[in-house]
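Here come two complexes built around chain A, the first alongside chain B, the second alongside chain C.
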Partner chain A sequence: MVREDFICLTPLMIIAGAPVLMMLVVAVIRSYKVIYGLSLSGFILAFLSIFFLLPVIPHATGQLFIFDGFTILFFVIIILACLLITILSDGYLVYQESEKEEYFIILYTSALGALVLAAASNFVTLFLGLEMLSISLYVLIAYRRSRDNSIEAAVKYLILASGASGFLLFGMGLIYVDTGSLEFTKIVMALQSSGFSSPLLLTGFSMMVVGIGFKLALVPFHMWTPDVYHGAPVPVATFIATVSKGAVIAVLLRFFYAIEGFRNHNFILLITVVSILSMFIGNLLAIRQQNLKRILAYSSISNMGYLVITLLIGTKGGIDAAVFYIASYIITTIGAFGVITLLSDRDNEAEKLKSYTGLFWKRPWVAIVLTLTMLSLAGIPITSGFLAKFYVILEGLNAGLLVLVISLIINSVIGLYYYLRVVTILFSPPNDVKFPAISPAGRLVLFIVTLGILWLGIFPEWFFNLIARF
Partner chain B sequence: MTAILALIVIFPLLGFLILSVFGGRLPRHIIPWIGAGSAGISALLTIILGISFLTSSSPGGVVVATLWQWINTGGLTASIALRLDALSLVFIFVITFIGFLIHVYSVEFMADDEGYSRFFSYMNLFVFSMLILVLADNLLLLYLGWEGVGLCSYLLIGFWYREPANGYAARKAFIITRIGDTAMIIGLFLLFLHLHTLNINELMQQATLNWEPGSSLATWAALLLLGGALGKSAQLPLQTWLPDAMAGPSPVSALIHAATMVTAGVYLIARTHVLFSLAPAVQATVAVIGALTLLLAGFSALTQHDLKRALAYSTVSQIGYMFLALGVGAWSAGIFHFMVHAFFKALLFLAAGVIIVVLNEEHDIFKMGGLRKKIPGVFWTFLIGAASLAALPLVTAGFYSKDQILWYAWSAGNGGPWLWLAGITGAFLTSLYTFRLVFIVFFGKTGTEPTKLPGRFMVIPMVILAAFSLVAGFIELPHSMGHLQLFSGFMSAVLPGVVMANETIPELLFQAVATVISLAGICLAYLIYLKRPALADAINHSRISRFFCDGWGFDRVYDTLFVKPIVWLAEIDKNDFTDIFNTAIASVVIIFNRALNLTQNGKLRWYVMGLALGIVFILSILMNL
Partner chain C sequence: MILLFLILILLAGGALAWITGKWSDLLPRVISLVALSLDLILLIAIYNGQSAAGNNSWWIDYRVDWIPTFGISLHLAIDGLSMLLLALTMFIGLVSVLISWKEIHEKTGFFHFNILWILSGISGVFLSMDLFLFYFFWELMLVPMYFLISIWGHENRIYASYKFFIYTQASGLLMFLSIIALYFIHGRSTGIYTFDYIQLLGTTMAPTVAFILMSGFLAAFLVKLPVVPFHNWLPDAHTEAPTAGSVILAGLLLKTGAYGLIRFVLPLFPEASVTFAPAGMILGVIGILYGAKLAFAQTDLKRLVAYTSVSHMGFVILGVYAFNEIAMQGVVVQMIAHALSTGALFILVGQLYERIHTRDMDRMGGLWKQVPVMGATGIIFAMASLGLPGLGNFIAEFLILAGTFQASILMTCLACAGLVAATIYSLRIVQKVFLGKEKTTWNISDLSVREKIISASLVITLVYLGMLPQQVIDTAKPSVLKSLNSIEQTRSQNTGKPTGEASIWCDEINTDGASAKYLKCKLW
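On to the complex of A and B.
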């Protein structure tokens, strides 16, 4: 192991080492405060360690990991998102009676999975990362097992995700049989000589699409999303919507751009159909939904539909648009789920749209944050969501993806309906639902999210300059 | 000076912002300090600015404060730039000074209203918009102020929105002025299309260079701008909204619907007088419209039962005088009458507001009477305002301003005997209807008993306005008496002098006639309304009187000609193609939503089947099956 390998693996090792340490601590003293402090500092430490990577990238460690600017970007996004989710979880776990400490340990293993995915350059790491992520999530989803839907959601996710993983693994095997390698670079070389013609290879890719599509909740593998979001504790739903999807998008972008799938007309057709279906079905399902968590679930389906458009763009601009989109989506979604988390109390999660009636008149700042996230999801100017859509549309038009762009625009209009419906409810005459007070840490999260949404929405060039440096 | 100019505009805006954001949370006693205070600071700054403007080395000069570039695209540049010259100085003085007095009056008048801070925030917004209107150095910014005052007018007419009639009056005012505004914005497009600028100064220069007098483009441009002016200033044929606008609180009637906003049309024409000079036909139209309106509204004012409506028709009629003056080319006389009118009409409305309040919301003058003894302060101030309105000779400001208009109506180059005749008839009507109000309300049998007396916040502004209604005329004395021309001399830097006809009759003769006419009107009012109540009663019940009272039936005609057909068309057009299309989109979305909801049934076996079908679907696409 050379020195560069060691430096590059530092964030992964910190994230992997932290839960070990936490387990040891839990064995000695069960102190929630200590574990919470450890998990906060672990993520902060991991984030700081990224700066040491900057001088040595790009660097590949063995055949398994690749550390380049793209990896770093996703590392930053994932770790920051995890940090915010940790703070949100703290406010939420107050209502958990016992065994609070292990939550963070499992959160760490799932974060490790996400990081591994973002750095994966090999089917082995891809699968390992994905499984680490999934298996941790089975537990996290069921973490508040006394709640009604928790176990149900976890079991659904377990069965469906293991099925999808099976497909993924089978697909990898088929591709290995055809190309003789598990490494992205070698697969690419093999494809360059033989092309996409072999049925074995195509079957392999199809099966991988199931695994990836399931994680991203793309149609037709989307059905689990609302049930799982609904049943999972809110911070966990936040994690599924943001970190888990971001990591999978990272590896998907890397692999798809490496094999240049956007040149193959079968892939173009597949992604076009999947994207359009995801947009329409996600939005149409959300339109009369009365549960805010389910609205966000359906919204995530359509947002992933928008996002996969960038796969077909096939330029550096396409990747930039995708990174900007996922960054904007993650910060916005953390904001929306964050509000739900912070307004939930012991017995009820603040998920019913009706309970938000007139929130503005009772809790103006919280309502403004929620309004801002809704406007960002709807793509209204001065929010990041507007520019995210704008760049996808711009790059999409440059790449000649007219059908997809038109479909995106139509769907933005449909989406506007249910996002604005939430906003109108916030500003209606108030009801008598009481929400708990929000801790200073929770306020900090909402403040950061607000700042992020507006910052990306007003000074996007800052973000693009940052991307350009990698 | 540019800094002061900017601050004058900024303070009312600040007041509006503070009151609209924090209004609900501020303690009640703070609100008037912000609402009236911001207007007060503006008034103070205006006086400082006015003194330094008058004493500066070039009194005819211009101060321009460019705050920032607003629009710069496709050849259109518009800056947020304020331009102060003699004309706008007169206007901002009236707006801020009278505006401040009315704000002070409102502190007490609105004291018990639940919408206290809302009222002051609207009023401040109005002052801000009106200042933008008269200080804008380009027509686009002027239009912004123009729409701003229209909005405030709407908001304040409908201020007591729980009464549906008030909302209706507000909508009526908004829609009818909208007709004029539309003409005006088309006029702006036309000007920009042909002269490639909207900066007022450049525009006037370009117009003189490019357009022949009487050319069709100049005529169209002037006509379209006139459309805007007619709507805002409630002149024929768009005058019907103003009497209904009296639904708003009395301070609103005084500030917006007497002193300032309704004279925006006068300002617009004076500001673009070059354009109107290039279109003699349109300018003549302005004079004719002014003459007709002043007569028409004069007759209507004569027959009203509602105190405020009578004053409203009087306002329409007096603005008719201003239009008449502008139409015959007596620009500065029109502006002079605007200023004097602002003083006495604001005063009359404030006094009317007091009367209505102390009589417990009694509007009907025939239920009033004998108030002279009960509220003497209001009586004397009202009397001064009325005397000024009736142009009582020598002692009132109204005499000097109206006399000037009447003289020019005959002897200016564009004037003539007919216009003068209309003006002098109007003068007779004015003194008749004004003193009709005085005699009915303050003399005779005691009607409704006053329940309270006005406090000092209401009385002091009225006294100040009364003083100005008397002395404001002395800054401009006719040729025949003293020949003092402070006002028109001041205006000459901006507005050209009057072109006189070749032969003129001595002005003194006109003054004699006007004096006789004015006094005759008062005497007739005395005879009819005080000495012969039976006759007054008979007049009240005559059909012609009712016809005048309804504003010559304009509302009915417009209702039949425009409102009913449009409502009818909208009614039968409810289910046309676009509507069906729109509802169809909604229904299709709902159908899809219902269908898709069936797939989200929560059953795991169904989801697994979805997964399985999904792989078939993916395979079939990727393998080109």
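On to the complex of A and C.
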């Protein structure tokens, strides 16, 4: 192993080493504070170690990982998101009666899975990362098993995700049979000589689409999303919506752009259909929901629909738009779920839309954060969501994807309806529901998120430059 | 920089009003008045400085990069047209703060925050010289307006606020699509990717493409104006909004649509505009007649006033698509006069509602005895609305009709019928509310000093505009000519000869001074 390999793997090793350390500590003393401190410092350390990667990229370690600017961007996004989720989880775990130390250990293994996905350059690492992520999530979803729907959600996710993994694995197998390699670069070479003609390959890719589509909750593989979001503890739902999806998008973008899937008419047709269906079905189903978590679940379906448009753009601009979109989506979603997390108490999660009636007049700052996240999801100016949509529309039009862009616009209008509904409820005359006070750490998270949404929405230039440089 | 300050003062004032609203009801009101007056003073300073400097096409031009990656800049500029509309914005802003003094008691801080942010969005729209920035401000004013309607509105406010937001957002997105498409078309043909208005002017494209892009812009502007098939949101939003909201909606928000037509649609798509002109004029006439008819059929006083807006805005689009200077000048005057007269009528409705808590005209009648001063101002505003000579609307409608006459005699005749209809519905207001038999005995007080000041200032400006419109016409002239210039070129290319008649006329008028009278002689 050369020195560069070692440097590049540092973030991964920190994230992999931390849970081991935590397990050892738990064996000696079971102290929640220590474990929480360790998990915070682990993520911070991993984040700092990314700076050491900058001089050595791009670099490939063996056949398994690739570390380039794209990987770094996603590392930063994932680790920062994990950090925020850790802080949010702290406030939430107070209400957990039984052991809560293991929560962070499992959070770490799932974060490791996400990072592996972001750096994967091989089917082996792709599958490894995905499974590490999924298996950790089965546990996390059921972590507060005394809650209603918790076990149901976990079992649902377990069964469906295993099915999806099976499809994915079979698809990889078929592609391996045809091309003789598991490495992205070699598959690309094989494709260049033979094209997409072989039926074996096409079957393989279609099966992979099922697996990936499930993870991203694209229609028609979206059925699990609302139930799992609803049943999972809020911080875990946040993790699924942000980190898990971000990581899968990362590997999908890398693979799809490597094989130049945007040139193949089968793929174009497939993704166009999936994207349009996701947008419409996600948005239309969200309209009648009464539960904020479910609204966000359906909103995530439609947002992934918008995001896969970038797959078909096929230029550097397309990748940049996707990175900006996912960054904006992640920070916005953490904000929205963050508010739910921080307003939840021992017995109830603050998920019923009705309980938010008149929040603005009782707790103005929290309500403003939630309003901003809703406006950002709806794509209204001064929020990051507006520029994210703008970027996708811009690059989409540049690539001539008129149908997709127009359906994005139609869906922005449909989406507006239910985002506005949430905002209207926040500003209605107040009810007598009491929400718990928010801890300073929770306030910090909301502050960072608000700042992020506004900063990306008003002064996006530095971020555009950052993305463009990597 | 001073232009940026115009917007920033309002934004900061809004934030400050919100914060201070916690401690006192009075502070937000005072802060809003101060911020708006400050802007008005700045505008007067700009205007005076300009008169000394002479007639440049742009008085002040301010440009810094905002998102250079996409060629987006913070480009603000002011000329005569923007100047007039900005002054109007601040004036209407002051009025709407004053009329809310007694009407709004709950959440005063947030209310004034919304008012000032709407006004800053509107100011931004009137100043933007970058299409992305323009869209940014276009959307920025929606959210606070939505709050204004949905929090402080009447019974059916939620429905009305949704309708308003979704109509404008949907149409705005179509414009956004056109803006981006224009960006690419310009970028691909010249290699310069920019959203800058000045640079995008004169982008060459195929006629069909131009027409499609223009349709995107038109979608946004025609919905905002509104023009008849897209007017559906207006009666609801105007009726349900609090008085200040209705005044801003009618006085300013509708004007952004007209401004968009003059500033963006005509210069950017001259050929497509010429193609669209007959349809535009027909839409205008339909709006005039249909709006008037609907206004006549209302029993809710506020809804009636709302429909008169549809009718008056019909004149605007009619005048814009007549493509000559007289009509276009009429449009500018109409924008101002309508803002004042309809705003005044909404204020009247608000004052009545504060006193008798109903907007139903069938329950009113014979109020003159009780409130003679209110009745008198009411008659003046109704007369303004029907286009009585001596008040602003007369000049506006007369100029528009005189201009349109050269473009299409048939349309002018039909539009004239609208004036008759306006007389009917305006007189009906007076008849049903102030005259006639008393249906219910109300025991109400007449206008207070504050209300008298508001009404008096509106009456004075309306009379001034009706008697001495020359200053407005002179100020708007360069902008109007700029907007018509591209159209003239297109037409002369098409027909081979310049259609200079209109501009010759107007030069005479403008040197002459006594505009309306002289014009009348010429016309007949």
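One rule holds for everything that comes next: the second predicted complex is superposed on the first by the 470 of 470 C-alpha atoms of A that agree within 3 Å, B and C clash if a C-alpha of one lies under 4 Å from a C-alpha of the other, contacts with A are read in each partner's own complex, and residues count from 1 in each chain.
As a working rule, contacts are C-beta pairs under 8 Å (C-beta built on N, C-alpha and C of every residue); 3 or more make two chains touch, one makes a residue touch a chain.
The shown structure was predicted, so the numbers you read here are calculated from the model rather than taken from an experiment.
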Discussion item. Which chain, chain B or chain C, ends up touching more residues of chain A in the combined arrangement?
Written reply: B
Discussion item. I'd like to know which partner A:258 touches here: chain B for first, chain C for second, both or neither.
Written reply: neither
Worksheet item: Of the partners chain B and chain C, which touch A:226 in the superposed model: first, second, both, neither?
Response: first
Item to complete: Scan A:202 for contacts with chain B and chain C and give back first, second, both or neither.
Response: first
Item to complete: Pick one for A:273: touches chain B only (first), chain C only (second), both, or neither.
Response: first
Fill in: Partner chain(s) touched by A:44 [first = chain B, second = chain C, both, neither]
neither
Practice prompt. Pick one for A:420: touches chain B only (first), chain C only (second), both, or neither.
Written response: second
Worksheet item: Regarding the shared-chain residue A:281, is it in contact with chain B (first), chain C (second), both, or neither?
Response: first
Item to complete: Examine A:76 and indicate which partner it touches, taking first as chain B and second as chain C; both and neither are also allowed.
Response: neither
Discussion item. Which partner chains sit in contact with A:34 here, chain B, chain C, both or neither? Use first/second/both/neither.
Written reply: neither
Fill in: Doubly contacted residues of chain A, that is, touched by chain B and again by chain C
none
Discussion item. Looking at the complex, which residues from chain C come into contact with chain A?
Written reply: 66-70, 107, 135-136, 139-140, 142-143, 146-147, 150-151, 158, 161-162, 165-166, 169-170, 173-174, 176-177, 180-181, 183-184
Worksheet item: What does chain A use to touch chain B in their complex?
Response: 155-156, 159-160, 163-164, 167, 199, 202-203, 205-207, 209-210, 213-214, 220-221, 223-224, 226-227, 266-267, 269-270, 273, 280-281, 284-285, 287-288, 414
Worksheet item: Which chain A residues qualify as touching chain C in the complex?
Response: 361, 375, 380-382, 386, 390, 393-394, 397-398, 405-406, 409, 412-413, 416-417, 420, 424, 427, 460-461, 464-465, 468
Practice prompt. Can you check the complex and tell me which residues of chain B touch chain A?
Written response: 589-590, 592-593, 596-597, 599-600, 602, 604, 606-608, 610-611, 613-615, 617-619, 621-624
